[in-house]
Structures are given as structure tokens and as C-alpha cells.
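In what follows, subunit A forms one complex with subunit B and a second complex with subunit C.
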Partner chain A sequence: MAERPEDLNLPNAVITRIIKEALPEGVNISKEARSAISRAASVFVLYATSCANNFAMKGKRKTLNASDVLSAMEEMEFQRFVTPLKEALEAYRREQKGKKEASEQKKKDKDKKTDSEEQDKSRDEDNDEDEERLEEEEQNEEEDVDN
Partner chain B sequence: MADGVAGKDKCGEPRLVSLPLSRIRVIMKSSPEVSSINQEALVLTAKATELFVQYLATYSYRHGSGREKKALTYSDLSNTAEESETFQFLADILPKKILASKYLKMLKEKRGEEEENDDDDDESDDEAES
Partner chain C sequence: MAAAAAAAAAAAAGSGPAREEEGPAGEAAAPQPQAPTSAPGARLSRLPLARVKALVKADPDVTLAGQEAIFILARAAELFVETIAKDAYCCAQQGKRKTLQRRDLDNAIEAVDEFAFLEGTLD
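Entry: the complex of A and B
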């Protein structure tokens, strides 16, 4: 939870770097302009959250998900962000999948070494099934987002 | 650039988002009606905020007055908030700056008008002319 008002600020160094990267080289950004953009960014987060939450409520969901955020962007007239955001989402999912597969591989290697009891084996199979189902759901979600 | 390091993680690979997710989450959760946020929504909001910062900066610079001087100033930003429909929601937090003397003059004029209105209620037809 936000306990102090400055908890709602974004780090100035990161904001400044993003601005500098966006503008042509050598442009001077006044201190006032930096803090104004930083404040604007916080307000943007709140605005986007509130819009996304409306979409979640419409869908009778309690948890905000990726498609709510994408719908919010369109609602806020930031359609231009939708394509780069979808690309970022795909990159993020690939990254997560890579991490998951790496940890699964580790687990399997470990299991091979330790597995001697029948019970352990059957439990592992159950786990594998669950994971497969999860992956299927993820793929479905991707299709939804693409449409 | 001195701040360049912040965007890379320990391995030196560029990260998907450079804004801190924990901070973005705190801001999102400060909205009372939000109960929970999944990780993908959090990552997307952080990424969207980055795009927003880039867009606000480049838009204000292109439409601003500082192009010849190669500078981005506060008034470029407040102009953007006032003139662009997309950035309208920022108008309250990026108000236009005016000189105190100008503001006092405006206040005086406004008061003057109000007094006039009070005085000649029955002559309101003539008011429009002045």
C-alpha cells in the first residue's frame, strides 16, 4: 500500500532516461518539465487502471488482466500503443515460458535422481498434466488477444 | 548518460520494461476499486506508461516552442495538455502558468464585471454592448 505520497511517484532517473531516449540528442529538458512528465505518468497509470477496471467489472472479473489493459488503451484514445503492447506481451510470455521450461527441466533431472517410489511418480504425472492444461489455456488467451 | 545503467538487469540484457513493477503496482492498488491485478496486466501497464512518457515528450517537443532552442519546457507540456484531446486528462495537473500580476488583473476585471452585474440588473440589455 502507498503509505507516503512520494510512494506514488515514479523514479526520476528512469523517467529522465526514457525522455532522453525519445527526444533527439542534445535537447535540454528543464527540471520542471521532467517532474511534470513524471507526475503525468503517475496520473496515466491511475487513469489506465480505472479504465481497465471498468472492463474487468463488465466481464464480472475481480482481477485485471492483459486484455483489460489493452481495451483501456483504446478507450483512452491511445490506440497507437496497442500494437507495441501486444508485442511486449508476447515477448513477456515467451520469456515466462522459457523460465518455466528451464525450471521444469531442472525438476525432471532432480526427479530422475531421487525417484524410486511409485507414489512419487504418479504425483509427478498429475503435475505434468496440470501444466499441460495451463499451457493450453495460455495459448487460448493469446488467440483472444490477437483477435 | 549517467542513468543508462538503470534499464539493464544484472546480466546486462535489456529488460522488457525499465520502470519498477513494484512501484507501478503500488500506484495501481492506490485506486480503491481495484482488488487484484495479474502479472501480465502489471507488465503491460508499466510498458504502456513508458510509451506514454515517450509520446508525451515527443509530442510536446514537436508542437512546442523550444525546437529552435533545442529545449523542452514546462509550458510546452501544459500547452499539450490544453490543446490535444488525447492529453486532456492532464489539464488539471499541468495547469498553464500565468504571471501573478496578470492573474490579479484578471481577478479585478472579473470582480468589476460582477459588481456591474449587481448594480444594473434591470439594464441587462445594455450590458452586452460594454
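Entry: the complex of A and C
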């Protein structure tokens, strides 16, 4: 449905919430104004992306990273965003790290569980393996004899 | 480590609702919808990262964008919405109105240099 990139809108509910929290209580916003702000936000992201991409290309990188976006903010004269964005980035990194550690911990716990379950199984398997090895050795002996 | 986590949890706890909007938006790439584990995630970004990513990918010159970049763009877009809403409100106040109209936004765009990139794009 999106004919142009600007038509890719961000969810209305979230935009409205952000606007309401930025404004004093009792202040309303018309539908047209809200929809225009939503559009403006999309344009902002597109413009910021383009700026950030320039920085990435200058650095001969193909992947946009956080510092490209921060540089773009300065370029776009939104320096006042840089500090809060850096703080948000720190918090985000901590959260990602926390999640990673949590999921690794879960995995370890899971492995521990399956290990203890498998120990019973593996005893049986070992017996089977021993039998196989014996068979192989017998075969090898036969081959040697032939040679 | 524990102190930092506790402080972060306290900060996030004070931040209020935020989470609900991400549920209906539904995109998988958004930060974990289930809030139970760690509160810190709640406040970080309200805009669904998947939508932001779609915008970024719309640029033909962009090859790849890292997760952190998407996140920062989302957060920057939120800051931008707050900023432009406040600036537009100043215009409405001068008109002694309590409802922000489209023309307040247009005025703000004309008045504020940083919003110059928006000229002609909202129609």
C-alpha cells in the first residue's frame, strides 16, 4: 500500500501517546495535526537514515551503526538529541547484555538438566558402543589375516 | 552489578505504562513484549523497531543497519515528535487555543530552522 517511503507510518497510538505526554494536561491535538506529526516523524527517520548512511559510506562500512546515527543528528542540527540518545544507547546495551546473559544462563540450566537425564541413557549407549567396537576389531583381525 | 540493576529497575518502574502500545503493533522485531523479566526494557523505546527498520530499508542506498542504529533512530524519532509537538504548542498558545491544529505545525516548521527539511513533505 505504501507508494512512497513517507507513507510508511509509525503507529498512530504510539505517536498520540508521545505527543500527549509532551504537552501539558488538557491540551488536545486535532486529527490532522497528529497525522502530520506522524508523517513528519517518518520523514525524519528517512532523512536521518540518509545522513547516517553518508557517514557509514565515509567510513567505508556497509552497515549503519549507532555512531553514524549520532553523527547524523549533529549534522541535522539536532545536537540536543545527542546526549539523551547516548544515554538511551547505554541503557539499551546493558539490557541487551542482560538478556544475552539471561538466555545463556537458561541454556546452561537446560543443558544441566538434559545432561543428568542423558547420563542414564548414555550408560546404555556406551554398552552398545563397546559391542560395536568389539565387532569391528574382529573384522579387522580377519582382514589382517587375509592380507 | 546488583546495585546497578536495582537502580535501573527503579528508574523503569517509575516510568509508567509505555508497554501496552507495543503489543498491538505486534512486529516480531520489537523488544520483547513480555515485560516480566527486566523492567529496564520497558522505557527504552515505544516505537516498534520493525516499523523503523522498514523505513530505513526504504532507502535504496542503505545496505544494512545494525540493531543499535535502528534503536537509536526509533528513540530519536520519539524525541523529534516530542520536540515538534512542543514547538507547535507554543504557536497554539499564542492563539490562546487548547487544541493543536495543523497550521500550528506549519508555523513551527517555518519558524524553526531544524525543521526546514520538512518543508513540502507533509502534503
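FYI, the second predicted complex is superposed on the first by the 102 of 147 C-alpha atoms of A that agree within 3 Å, B and C clash if a C-alpha of one lies under 4 Å from a C-alpha of the other, contacts with A are read in each partner's own complex, and residues count from 1 in each chain.
Keep this in mind: a contact is a pair of C-beta atoms (placed from the backbone, for glycine too) under 8 Å apart; a residue touches a chain by one contact, two chains touch by 3 or more.
The structure displayed is predicted, hence computed values, not measured ones.
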Original post:
Clash or fit: what happens to subunit B and subunit C when subunit A is overlaid?
Top reply: clash
Original post:
Once the shared chain is lined up, is A:A102 touching subunit B (first), subunit C (second), both, or neither of them?
Top reply: second
**OP:** Report for A:F81: first if it touches subunit B alone, second if subunit C alone, otherwise both or neither.
**Re:** both
Subject >> Common interface positions of subunit A, toward subunit B and toward subunit C >> reply: 8, 10-11, 13-15, 17-19, 21-24, 26-30, 32-33, 36-37, 39-50, 52-53, 62-66, 68-70, 73, 76-78, 81, 84-85, 88-89, 91-93, 95
Original post:
Touching subunit A in the complex: which residues of subunit B?
Top reply: 1, 3-4, 6-7, 16-20, 23-24, 26-31, 33-38, 40-41, 43-45, 47-58, 61, 66, 69-74, 76-78, 85-86, 89-90, 93-94
Original post:
Which of the residues in subunit A end up touching subunit B in this complex?
Top reply: 1-2, 7-8, 10-11, 13-24, 26-30, 32-33, 36-37, 39-50, 52-53, 62-66, 68-70, 73, 76-78, 80-81, 84-85, 88-89, 91-93, 95
Original post:
So in the complex, which bits of subunit C are touching subunit A?
Top reply: 4-5, 8, 21, 24-25, 31-32, 37-38, 40-41, 44-48, 51-52, 54-56, 58-59, 61-69, 71-73, 75-86, 88-89, 92, 98-102, 104-105, 109, 113-115, 117-118, 121-122
Original post:
Considering the complex alone, what residue numbers of subunit A touch subunit C?
Top reply: 5-6, 8-11, 13-15, 17-19, 21-24, 26-30, 32-33, 36-37, 39-50, 52-53, 57, 62-66, 68-70, 73, 76-78, 81, 84-85, 88-89, 91-96, 98-99, 102
